[in-house]
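Two complexes, one shared chain (chain A), two partners (chain B, chain C).
Moving on, here comes the complex of A and B:
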């Protein structure tokens, strides 16, 4: 009996041991080439031009180990192919390692490709298990290849960390949208929402002498000089760091790109979707023309959306609850307390309402695309899916009207409790 | 002398709960969405209520048959022919679900992890486990369930908690989804999701007392309903309808979304672990009960000589469907539409017949 049991155990072990070695799927990490960024453009000789950035394993660790040739922690490959996976095959013929997409950090599409529709590529990415649902989606205003070439991380030695951090900047600038592939794909198929992507481009200025405001949107926003968000990617008068710029968003209708929004409108987009975290704002001083009050504004509560359908047309009511800390008062007017504080708060509310309505007007009249997902709130007005489908929200969105209510409160005055002007030798006051 | 195996409510509850809930890791959330659209969670509550009502009727009728399994009752109701017929029906149904799940689990494993391994190699894992499980017997399986199910449940709940920030309750609207008729009338047959309660009627001799049988039934149905509800609620609120219909392995897609900072990513490896554990337990138990039923149906002294031949048959039959979608068709469209007759109607009819037969000689 005991011998029989021993035999069974021996047989089981004999069967389990080879199974546990996982010989068919065994892969050495060192034998793999991990793609960290993928760029897709229209090709000259084929449907696609694929650009891959493949991490050099030793380069990211100590900052000095790799990148012997160009100092970059990755190697860049480009290939023209009919599809993503055939492109991988082609690169695999020349790369010394087997290419893997399991660690991909960003996918960049050229705006030319995006305007034709991304459906075929999105489906390939959802079906393929290697693409991560959390990777950001970027639309490059010129070409994805050029955009990826211009990435030159200066502050981090690990390129994957660069990509993970740079697209998180919406949390403290509000100038790019929060985009994950998961949301992008679902929105492209949705009946009640359209997707957006981060707008990227290579900086157009090579030296400070070339700086100009030709492509700034400040006039569109009714300003005499540009604010930090009044630019599209590539147009910011700035030098240093990586030459790839990310500011603004690409507007889609389904899987097709239909337009662009600048950084300022992106901030209002984030406010409407509830993804706004905090950022620094310039607000015109209500009591002193030509001066600005600088505020660190954050969302105290998620926005409230209430959608009605009146005579077949959507009427959307939005309520925002924001709060801010004073960072700087250029006019040195005492906005910290009392009536002045209330004047400032109501000026900020009017300013935000005005800018919000401009942004919403663009989504309705210029793009006719519900990129804020108001449709998700409209669904509650219907009892069954068939009724909702029959309403055709996306085609009705162009008739939408809005009412906006903003509640803004200055919470903290910063480290100065009372503003005082500086004193000059002529006993006059000076602004900071 | 052969030792009689007896185990407690917890072990039996864990076995039944795992049998019912294993499908959460396969296609149950998608099945709910296919039937009810955005109202998948309402549909899940509805079929759970139907299952509990069904079980209430059965357990009331079961009262005089303490310690008897369905085969004993079939014999009381219709003699040897009844026992053989019911035994064959049970073997067919358990065989169907075992082969279908063996293939589905293996195909899914190939899809997400062992992509280059041949299917037969992946199925070998399952075959080894079901053979070992059957050799060790019900007592070992029940003890294993007693702690393994806790780990599986904890892992599952962790995954569900991990995607809290992706939950959008707006995705549950319109509230009635595909409509009341599709949910409450056409959807009623999907109570077959609780088909595995049938195993409880085979477990009765192991539980001995009627009270244990009843308590185990309610506890396992209640727990399973909660887990099925959580899975369909989270799935349909994270993936909006109709995009949710595309997802092959719903919980895997949910697990892939979890990202807690830059450090905690790729939590789907946890999913793989609990999923493999749940599926191995499922297949081991159903396989054991195929052998148990066969032995009892044909009044054999031993079941162990049947283990290897039956395991080979199960593995061979699982290769018959030509592709993944075909096996889903067999499991979802066929089995899950009709299995409720075997799980709920057949026991009720047998119990009524047995009662009638019992009354006859008295007259």
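Moving on, here comes the complex of A and C:
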């Protein structure tokens, strides 16, 4: 049939048409250079100094640690450019592969840049479809370039895994905030919430001899010696592993960074936002001065926020439900027994309330920035959006007052059912 | 103007000019009536006897004989009373003396004082000579006290009822009948003075005995497979499906080869119009020779351009039986160890015989695995291509970097790589089948291991692609139906091209087109993707996952069987302690 033949010809043409145009946006994987980390600093010669870490192929053979020359699994590029995308173009003049941002794992801003405001960069990143909405945002206390250079992943074979894991540590340390780029951006434009970023820095100590505590915040917290969280990034007396440190958070007001919080306050920040999962805490022993009780504290329920507006000022009531396992009782007091455990629980509750109020006080008085997002709960008190806008939550937050309720329960004593002091020949007691 | 018209003609919808295709409808009365009338005429006398189970098999044979007489009745009886005339006709028809293996045995039947000439014809090699000697020649030649009356008809009866002790003796009125029988391993006996010839079934074909099926292997379940002989195949089915209403209709296909075939169905389950359609299609085939059901399948399938098979070819009698009980129709052909079953749906080609014999959680596991296998076999290389060419953001960074490193030294674009590996895989597969037996496994190892390894080391393909192609190959072997495996392998290349052109968009377009193609197809009047589309009523419990055997209460709705229900709502009556298990079962069958 002529019709059949014509149909065949027509179909063949129809098939050939897309083939002609085909593959125009196909890109082989090996033609692309995948950026795994992007650092943005203030430039010397231009607005921006961009630092890119581009993953190296694992050189085919054993996959053990990537490139052979410098042992790093990535190549680092720096360029000074007026904007992010022009920087990419400039890097492509020397890099053989087309730069792709689809697998970017972290974006690092220097605090200098952050204090000037991140608005323009955030907009570019939200608009560009290659940026993932779930990548973490880090503010480096010095320069982003230095921070990225100091990343030398020792524990994982490749850098991407390092970045994927290290910013998840809030789940078990509570020392860094949970930050995702999309939330960060939304908070920065929100009427009721301010963003935070992970605080990072290069470790300042090169050897044990240099260790000191002059930048620790333990005195501020009223302690005689620092706890694990009483540091800003870079100040921890520790060696080994990667030289980049992430602890604490950068407080923003809108897109502008206004201050830093140390690790301890970050833990309470996580508690207030409900992102806290679990971490190990030292709590002063209520019955034995100078000793500590170690607890593994979990959030048994998300915190409840109740916001009222009294005489135009926010009054915020917070309820926390926490539970903990005993990890160590240095004083060997029998906290497993009924009465003692009640004492411990109430002591922990009052300790947490005390610390929480200190933290909230900082956000109100020092930064005047609602980084916990209490405004989201306040919105409901207004009948129209216009009223809410007119209220100007962010400017009223500095007048906020807080009441805090903590319910804490000790759930498990660990594998020791009854604390007992160890017996020595002098029948003296030993700690732990 | 002409061109304009043509383009218009091409682009706009036209009512299809073709005649109405066969659709299997619920109500089979209108289609089936004419057929049943014919049958009534043909078999009127034997209907009463049909009840007796013990006689069933014999009756079946007689019925078939009757039917053959009925169907060939247009041919005039052309056997002459003159033996020499008959012999001349036979010699001419068989091209004697050119034909070397036809034996014409002339002999005399001695009766008291008279001598009646007779001759016997058969093909050497198709018959059991011992049977001919003992049951045909011996009685005729040795029984000398034959009391012959002058009436020819009576001689006929007398020989039939007294002399020839052979169990399958038929009378033939035409030479053609005799010739058909002789070709099918019978012998023809002409006796002087009779215008009727006898044919006796003495066939003993050289051929395999019943063996394990080679291609449809199961672990749990019967281990018999069909052979190349028609009667042993129908026998295998009948042996397994002991149902009084199981019908074996004979039909001859091929103008010259005259290959005997049988249509089998369960009379009070299978839809009459379906049986009539099968019969109509088979009878309408005009071809000189037909050798195998593989050819027959192509003659009777609905849509030759559909990639998937629309007829089930199986070498397992138990499979055929269980499908017959669902109301399907089987076609057995002489010379083919594969029996065709129609109609089938897309689900059926994903089933294995074992599914029914395993406990339902096990067979469901197998089914899910098979669905995964199908998807992998169809889509895996395409998805790999789409991701590596278009959607880099979709895979974990580590995997991406692994692919990147592996591809770093490969000189070809990944499409070329995929085609290279797919083609070499097909090559290994084809070579593995064609290669003489003992070398086969070695070649597989050479092909799979050494070639793959060497190709990777020579940086012609990336190792990750070898994994993709190997998993795809495994997937295609896990599809239980041989033809369906082919279908998906061919379609896979289409998907590879589509995904190379436009990534996931191409794959999606391909899936939509394929879906349309499948939904449009019918197998013997049954929509090919039922019971998914069109969705049929509930209660059918064997669609994708299987429910326990005791819950499979209904036959597939799309079969429109005469009896919808296989078992009552409660088939495990023992769970109810009050029910007496000895109570009649008959009420159960009337669902």
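The definition used in the following text is that the second predicted complex is superposed on the first by the 407 of 432 C-alpha atoms of A that agree within 3 Å, B and C clash if a C-alpha of one lies under 4 Å from a C-alpha of the other, contacts with A are read in each partner's own complex, and residues count from 1 in each chain.
Everything below uses one rule, namely that contacts are C-beta pairs under 8 Å (C-beta built on N, C-alpha and C of every residue); 3 or more make two chains touch, one makes a residue touch a chain.
Here the structure is a predicted model, which is why all the values come from computation and not from measurement.
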item	value
Partner chain(s) touched by A:132 [first = chain B, second = chain C, both, neither]	both
Touching partner for A:379 - first (chain B), second (chain C), both, neither	first
Contacts of A:84 with chain B and chain C, given as first, second, both or neither	neither
Which of chain B and chain C A:40 touches, first, second, both or neither	neither
Contacts of A:55 with chain B and chain C, given as first, second, both or neither	second
Which superposed partner A:12 touches (first chain B, second chain C, both, neither)	first
Touching partner for A:25 - first (chain B), second (chain C), both, neither	both
Chain B versus chain C as contact partner of A:158, first or second or both or neither	second
Touching partner for A:144 - first (chain B), second (chain C), both, neither	neither
Set of chain A residues, in rising order, touched by both chain B and chain C	19, 22, 25, 132, 161, 164
Of all residues in chain A, those that touch chain C in their complex	3, 6-7, 10, 18-19, 22-23, 25-30, 32, 34, 36, 55, 57-60, 63, 100, 102-103, 105, 130, 132, 158, 160-161, 164
Touching residues (chain side chain C, partner chain A) in the complex	6, 9-10, 388-390, 392-393, 397-398, 400-410, 413-414, 500-503
Chain B residues touching chain A - in the complex, by the definition given at the top	37-38, 111-118, 121, 124-125, 128, 132, 135, 166, 168, 170-171, 173-179, 239-243, 246, 253, 256-257, 259, 262, 265
Complex contact set, residues of chain A against chain B	8, 12, 15-16, 19, 22, 24-25, 126, 129, 132-134, 161, 164, 182, 185-186, 189-190, 373, 376-377, 379-380, 382-388
